[in-house]
Amino acid sequence: MQRFLDLADFNRDQVADLVALARRLQEHPEPQALAGKILGLLFMNPSLRTLSSFQAGMMRLGGSSFVVTPGQGTWQVETRTGAVMNAGAAEHVREAIPVLASYCDALGIRSFAEGKDLASDIAETQFQLMASLCDKPFVNMESAMNHPCQSLADWKTMDDLGVPRQGRFVLSWVYHPRALPLAVPAATVHMAAQRGMEVVVLRPEGYSLPEPVMAKARAAAAASGGTVTETSDRAAALAGAHVLYAKEWGSPLAYGDAEAETKLRDPLKDWCVRDDWFARARSDCHFMHCLPVRRNVAVADEVLDGPRSRVIQEAANRMVVQMAVLYRLLKG
Amino acid sequence: MQRFLDLADFNRDQVADLVALARRLQEHPEPQALAGKILGLLFMNPSLRTLSSFQAGMMRLGGSSFVVTPGQGTWQVETRTGAVMNAGAAEHVREAIPVLASYCDALGIRSFAEGKDLASDIAETQFQLMASLCDKPFVNMESAMNHPCQSLADWKTMDDLGVPRQGRFVLSWVYHPRALPLAVPAATVHMAAQRGMEVVVLRPEGYSLPEPVMAKARAAAAASGGTVTETSDRAAALAGAHVLYAKEWGSPLAYGDAEAETKLRDPLKDWCVRDDWFARARSDCHFMHCLPVRRNVAVADEVLDGPRSRVIQEAANRMVVQMAVLYRLLKG
Amino acid sequence: MQRFLDLADFNRDQVADLVALARRLQEHPEPQALAGKILGLLFMNPSLRTLSSFQAGMMRLGGSSFVVTPGQGTWQVETRTGAVMNAGAAEHVREAIPVLASYCDALGIRSFAEGKDLASDIAETQFQLMASLCDKPFVNMESAMNHPCQSLADWKTMDDLGVPRQGRFVLSWVYHPRALPLAVPAATVHMAAQRGMEVVVLRPEGYSLPEPVMAKARAAAAASGGTVTETSDRAAALAGAHVLYAKEWGSPLAYGDAEAETKLRDPLKDWCVRDDWFARARSDCHFMHCLPVRRNVAVADEVLDGPRSRVIQEAANRMVVQMAVLYRLLKG
């Protein structure tokens, strides 16, 4: 394994193998497996879980890491090809990435969507450029339209919880004061489809995921025996659900247009998950969210502090599955 | 030992044991004692000594650490229970702390006083919530009203210097352009009292430490054979002093009221320690300060650069005693 | 070796020895050479290569490091002797540096020129103070007028490329939206002279390097058999060149005067290196730059992405030569 860019690059057996390796490293630690190995971590955007879990994961395998955060102690970086750099950015990724790659044995990059041109973000134009500039094993720590580490952690969390492969998985839009990227919802709908689940995307009008995202998920479902549908009917969506996975995202109809986005989302403040959302779900329905989450805006305290919440377990699994990814990238 | 929250949680023999362990690790390094162990460090406020000495201390014991700084590369975090998070903070400590705890073997948190409601800060409402969210060994790296690592370092520094247990310890208020938290003065008065010293709090009118702080110190003095008094008479306070410990703090009478505070402190700019403060002190009287210190505002160059100053030694002892704390927390 | 402040402190054989050690560590890694050793890194200014390569270099030798960045998670620091600290800075280097030194086995500091008083910057007033406050092995990670790690990496890069000791080395001024420090050009002209090269400083009128810098380089050339000249004639300068080394710097005539500087440099936007600059150079002429570089402002894409560019190799050599420096400082 040379790159961990997208869970879709792996078939279901390969994902199962990563999850199994993660579990093995949990049960039988290998504190010297990556001794002497160095992970470079480049964060173009904020992070808590990714920042700390990648560092801790390397330490648990005997390796080490360094962190570079443009704009905070390091130069702002330019990503546009052909740019005339006479503004804020002092360095281009065309230099920054090969240089960082030369210091480490594997490189992880987080770079959120530009949020201006939907087609360009869906094509992962920026991230593909950055990945192509790295000649070392490479990890996607969240790109414009993907977050494979989160999805792998969520997959393992459902395995840990005994959620059946064919279980009903509801990915629900929830309210946030402003548009957030599509990375996690796009990765999540595909992951659940690839796992073979009965996937329902629950979202208000105007918040359908982009058609290429849905088409990719449907193709994964077709291969795994799952299904992917969408609805704005909350009660129908959640009937019999094994999992409610909440996430905030911006409308593809107002992409890059903050004013239009505000008009669309302002009437949707009741899309805050409360206990009564689970009325028709299975009694053991799990609540999942990738974090960070705005309490009492996207999800109510009663849910996050209640017995259905698995958010801490999901986050804990981030380190665990990333150790497996690093192990495969650096040790094989 | 599972928590290091307050030096007052330990009796004098237990403190002496920590100091002895610190000294033993100084003289007989154990570079593999904490091999494989990971310390998480969460800084809600700036730091130089704590930031670097905890990392270096873990390294010296063969362990490692990671740093998370909300607002700098990581989300702003909310601490208020029940908050409706529609403003700047994207993440709540109710998620952030258990998640970070899941990645490490021990967690340290720095979180200064809110500085709005004195009773709430004295009760350590915020810090107790944060500590309760961590299921791993936990270190207070400075809370609203405490700084046990500083106090333990100061205790050891006085031992190193041969300052007698019953020596005269003057904690003096000094000027600063604005109110600083009560954490270090509160911890220091208690530490010196617990050590059995003749403690004098020297402060201008309006700058008495809060009564619960003084009462706690007096109780410690009663148990150890020391005394705690206060005065605004500089000459009387310093007569025969073994130690002058300078610290800046805000008036409890103007807590959270910057305007009232400015009025109180503006006439007090002569509370800047100079050589002549030591006129009636013992000839070998030591000058101490926890740092950082504003030169020629709180303390004059002539004192900081003079032969009485122990500020570097105190700071150096921070790493040394924290290694003992980490050793007890992680190795027993 | 106790200090690595200036390549001029070492004679040509000593530099060759460091380069040889760097190459040996590249070919025969010693992953435990600095086990247990701690490097402190204090960055008063932004960094990408230095920040990551020092950390990675320590890791590759089995050691570890911590990073302190005033103003970002740590207090702003004051550097002026005798300052009355009633403004933004909460801590003075007179405390910060000895304290950090007490936690580590070697300390590196980056502190750019103040850019106000040329004589003071040339005298390295500030940096010499900081170095004098550290009682541990010390590394200059870029000071007002020097960048010895960059120069050592560039020396090794030219050795790696087979550039002859007597080759023609053109250091050319290039455009940047504002004045940058003289550290790299000053270090570079000296390094190339010390290596014995035929050094030509190519710069527009008003951008001659300060006479003390040129005198120091000429003295090094005299000792090594090289030469140092300057010109504003681009074609003449580059005729027969083995290396074109581009760098941005501010005019000594407008030092600390942004308005005068703007007037001087505004007409010089054609000083952006393009392929046609190499018309009369040797066919294998190498292009070098210390990075970061503003693409299509200082250097055109066609050069940075073309076959002459060695900028990534130079940056990669930063880690390699710094490992040799750390090895000598910490192991001898």
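The first chain written gets the first letter, and so on, giving A, B and C; residue counts start at 1 in each chain.
One rule holds for everything that comes next: a contact is a pair of C-beta atoms (placed from the backbone, for glycine too) under 8 Å apart; a residue touches a chain by one contact, two chains touch by 3 or more.
Since the structure is predicted, the reported quantities are computational estimates derived from the model, not experimental observations.
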>> Shared numbers divided by all numbers used: is that above or below half for chain A and chain B, i.e. same or different?
In response: different
> What rotation angle superposes the Cα atoms of chain A onto chain C, in degrees to the nearest 5?
Replying inline: 120
> Roughly how far is chain A from chain B, going centre to centre by Cα mean, in whole Å?
Replying inline: 40
>> At least two partner chains per residue is the criterion; list those residues in chain C.
In response: 64, 72
>> Considering only the defined contacts, which chain B positions touch chain C in the complex?
In response: 31, 43, 46-49, 51-53, 55-57, 59-60, 64, 67, 69, 72, 177, 291-297, 301, 304-305, 311-312, 315-316, 319
> In the complex formed with chain C, which residues of chain A make contact?
Replying inline: 35-36, 38, 40, 64, 66, 68, 72-75, 78, 82-86, 90-92, 94-96, 98-100, 102-104
